[in-house]
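Should a chain be cited, it is by its letter among A, B and C, assigned in written order, with residues numbered from 1 in that chain.
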Amino acid sequence: MLGVSVVVFAILRLVPGDPIAMMLPPGATEETRQNLERLYGMDKPLIEQYFIWLRDVLHLDFGMSTQFRLPVMEVIFNRLPVTLELVLLASIIALTLSFALSVLAVWIQRDGATLIIDGASGLTQAIPDFLWALIFIFFVTLYAPSIPISGRYDPRTAQDFITGFYLIEALITLRLGTFAELLRHAILPAFALALPLAASITRLLKSALEEAMSEDYAILARTKGKSRIAIILGEALRNALIPVIALTSVQLAFLIGGTVLIERLFSLPGIGSTAITAVVNRDLPLIQGVVLVFAALFIAINLISNGLYRLADPRLGKTDE
Amino acid sequence: MSLLEIENLSLSVRNVRILRKVSLKVGEAEIAGVVGESGAGKSMLGKAVLGVLPGDVSALSGEIRLHGENLLKLASRQRRMILKRSLSLIPQDPMTALNPCRTIGSQVGEVLSLTGRRSLRADVTRWLDAVRIPFAARVAKSYPHELSGGMRQRALIAAAFASRPKLVIADEPTTALDVTVQKDVLVLIRDLQRETGVGLLFITHDLCVVAKICGSVTVMHGGRVIEQAPCENIIRQPGHAYTAALLKTAPRHDRFGGGLEPVPESLVESMIAEAESFDD
Amino acid sequence: MSEVERFSINKARSLTGRAETSGENVSRIRAIFGGAVLAFLIAAAIFAPLIAPHDPVLDDLLLINMPPAWLNSNPGHYGIDNPWSYPLGTDSLGRDVASRLIYGARVALIVGFSVACIASVAGVFLGALAGFYGGWTDAVIGRVVDIWVAFPPVLLSIILVALLGTSLTSVIVVVAVIDWTRFARVVRADVLRQKNRDYIEAARIAGSSEISILIREVFPNVLPLLVTLFFFEVGIAITVETILSFVSLSVSSGSVTWGDMIAEGRRVLNESWWVMGFPVLVLIATILGLNAIGDAMRYYLDPVLSR
């Protein structure tokens, strides 16, 4: 019951903005439509067209991609796993890095270490993922040409997968050699995506941890004879997580947007690079489909983070019982 | 040998002197009061004993001995063992001293598990019962925000006594509470102290509270001990003008309508002058 | 809605949080570094024809892929005497990299500052409107902001520019249209936060009109944050422009952009790293400089911080 009420509440909170977002091939695409319809000389029954399209979309029918001559849904389903795996890997990297660094910084408690971590995360955060990708490509090409910078896998090695989630599948089926090979391809784009995110989470988590460490309950924990690291992990971390989750959902959404360029730069056949080719080829149904998928991902992330937010903070969630 | 002996403790934070050669003793199973206005350094005294001073302490000298062992000389690991086994704190503000993300039960229970006990849940409930929390089993599962300030303070008191310490330091444990529950909490602390026979260092600004429960009293001002005596004596015949003035600031039932008197400023000034002449 | 609101203000604060923890020295270093970068760029953009050693779009097939001067051991091979006449080398069409960088600063700065101006004015206006009047004004603007947030800005700008056609104006308009929400969110949240404070109430009771309250009482409080955001926005707009021209969707051919250079350099990275290396370096310096100046300005403008 509690879980259901939480989810329902979260949906209610999110929904006001979202039906509209779902309806218009949105903000932009409202304009997109009009322009394109003028372009194709079919601007007459706009509202009618729109409702027909909406009905189709609700039946998961996005039309045919003019570029691939395949249903849009098929194109998207083929490519979505690439993007999802990239986002997943990047999130894992970002979270691991930022948690390790911020806990370390608060634990060490030395001015020097704090200064280094602050400065490094400040610089890292300022440079967008696009530039990180270019920096990686630049140095890898010049100094470590053996590291792959394009594609998901080496086309020379035969690949055989049931699903589109190659990394996860290889891991589950324990094909570790294949997994390592896939990881070698995925690691640079994932890092490029992850670095700015990791930096901003580090900053936020570190200051939240520092704040929590000066709270009375942390001091009381010291009088119970707990070690500093035990207090950080056992008392402060959970409290510090609450504001971090709030920020991270927005950041994760940016991360999804970032895949557009990262996939392009590393020649990954995901949704993002598909979006660019669709735009270049004026593949309208595909553009609409892709934009909707991105919006859906954004909403999904918001829902998840809202759920996590409630899980992390006992003061929320039970109150509306 | 007393349970706790503080000898010539001096302490500065950011080069401001907080404590000046403070000495005091707490005997086994004794309640020793420390009284003073805010800024007298009494809370810092408690923190020094517990070793949770702020990070910017610039000078620390003297001795704090528990069972004759100087706490200030111990390595941090040994010190933590002492904290786990022998010392505990009843904090001032129950609204902030409980971790909002953990259940009451886990926060009371962790001191039990630290002392290596079984059947944790039953023990937690027993302790919550002991501090007269109704529906103890249910409260153990709830989070701090679901309880009133008085209930939280009871839970904190349970946690402080549950670890079976030798010495409990109560740092203004009733200040943040409603007047209506202050007395209950006070009586509760005294009763628990009697049952468990721990030493209790009771820090407060309120001489009335001291009069109710303490055996001996240390009056502090400006980081310095003004007067030390058994409680009765101090109430009847204050040995120092400051103590007398402090007594007059306390509301009393038998002097109704007489009005409250602030500590005379001239007295404070002369005391500061006196203190400074000592330092040099 | 309120959640998103809070995130964005948190985000803005965490972006600018550096200024809060650091003192005057750091701010001075930031101001100097940022100011130097910006002055350098502005000078390059204005005086491009005077400074640039060569025509940035002039091909010279004899000078293809010439390395930077200090690595150019054999200038005679390319038929020139002094390698320093092409200080940063040439690209695959024999165009001078240094000159292209200098001319590229023009597009970058024009786009950056135009976008930041339009986006900040529009965002501040709409955000203040929403925050101060509340009600349906707030509902409408808030809804639009919410929808905006749900779409990846880069994708959106690529789509919009593709549809509007590639030109300087359309790039500016598109990026401004996408990014105004950044300002609107911050201003709305701050106005809301301050609207109910005592001093605003005092001004209201003293008979000030709403608009004058807004300008005299609320605006000065948001200003430091806005200035910081403004400089961030310049950097963001420059990045987006680079991205757009990287996927060849920006300013039409004829103008030189850093994004073009990076795209070109990406293709020939194996043979001549300098074609991509230098524009990336310049772009990074630009972004860091703008960030630094934004942070420094916040420190100097905020009466609480610089006290």
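As a convention for this text, contacts are C-beta pairs under 8 Å (C-beta built on N, C-alpha and C of every residue); 3 or more make two chains touch, one makes a residue touch a chain.
Every value quoted in this text rests on a predicted model; they were computed, and no experiment measured them.
In terms of the stated touch criterion, chain A and chain B have no partners in common. Compare each chain's C-alpha centroid with the centroid of every protein C-alpha atom shown, and the nearest one belongs to A.
Here the chain pair with the top count of touching C-beta pairs is A-C.
With centres taken as mean Cα positions, chain B sits 50 Å from chain A. One simple way to say how far apart two chains are is to compare their mean CA positions; for chain A and chain C this gives 23 Å. The centroid of the Cα atoms in chain B and the matching centroid in chain C are 57 Å apart.
Contact with two or more other chains is made by no residue of chain B. Multi-chain contact residues of chain A, defined as those touching 2 or more other chains: none present. Interface of chain B with chain A (complex): residues 50-52, 55, 79-85, 87-89, 91-93, 96-102, 110-111, 114, 143, 145, 156, 163.
Contact residues on chain A toward chain B in their complex (touch as defined above): 109, 215-217, 219-227, 235, 238-239, 312-315. Contacts from chain C toward chain A in the complex involve residues 1, 3-4, 6-8, 10-11, 14-15, 17-18, 21, 143-144, 146-156, 158-160, 162-164, 178, 239, 242-243, 246-247, 249, 262, 266, 269-270, 273, 276-277, 280, 283-284, 287-288, 291. Chain A makes touch with chain C in their complex at residues 13, 16-18, 20-21, 24, 26-29, 31-32, 35-36, 118, 122-123, 125-128, 130-131, 134-135, 137-138, 141-142, 200, 203-204, 207, 243, 246-247, 249-251, 253-254, 256-258, 260-261, 264-265, 272, 275-276, 279-280, 282, 287, 290-291, 294-295, 298-299, 306.
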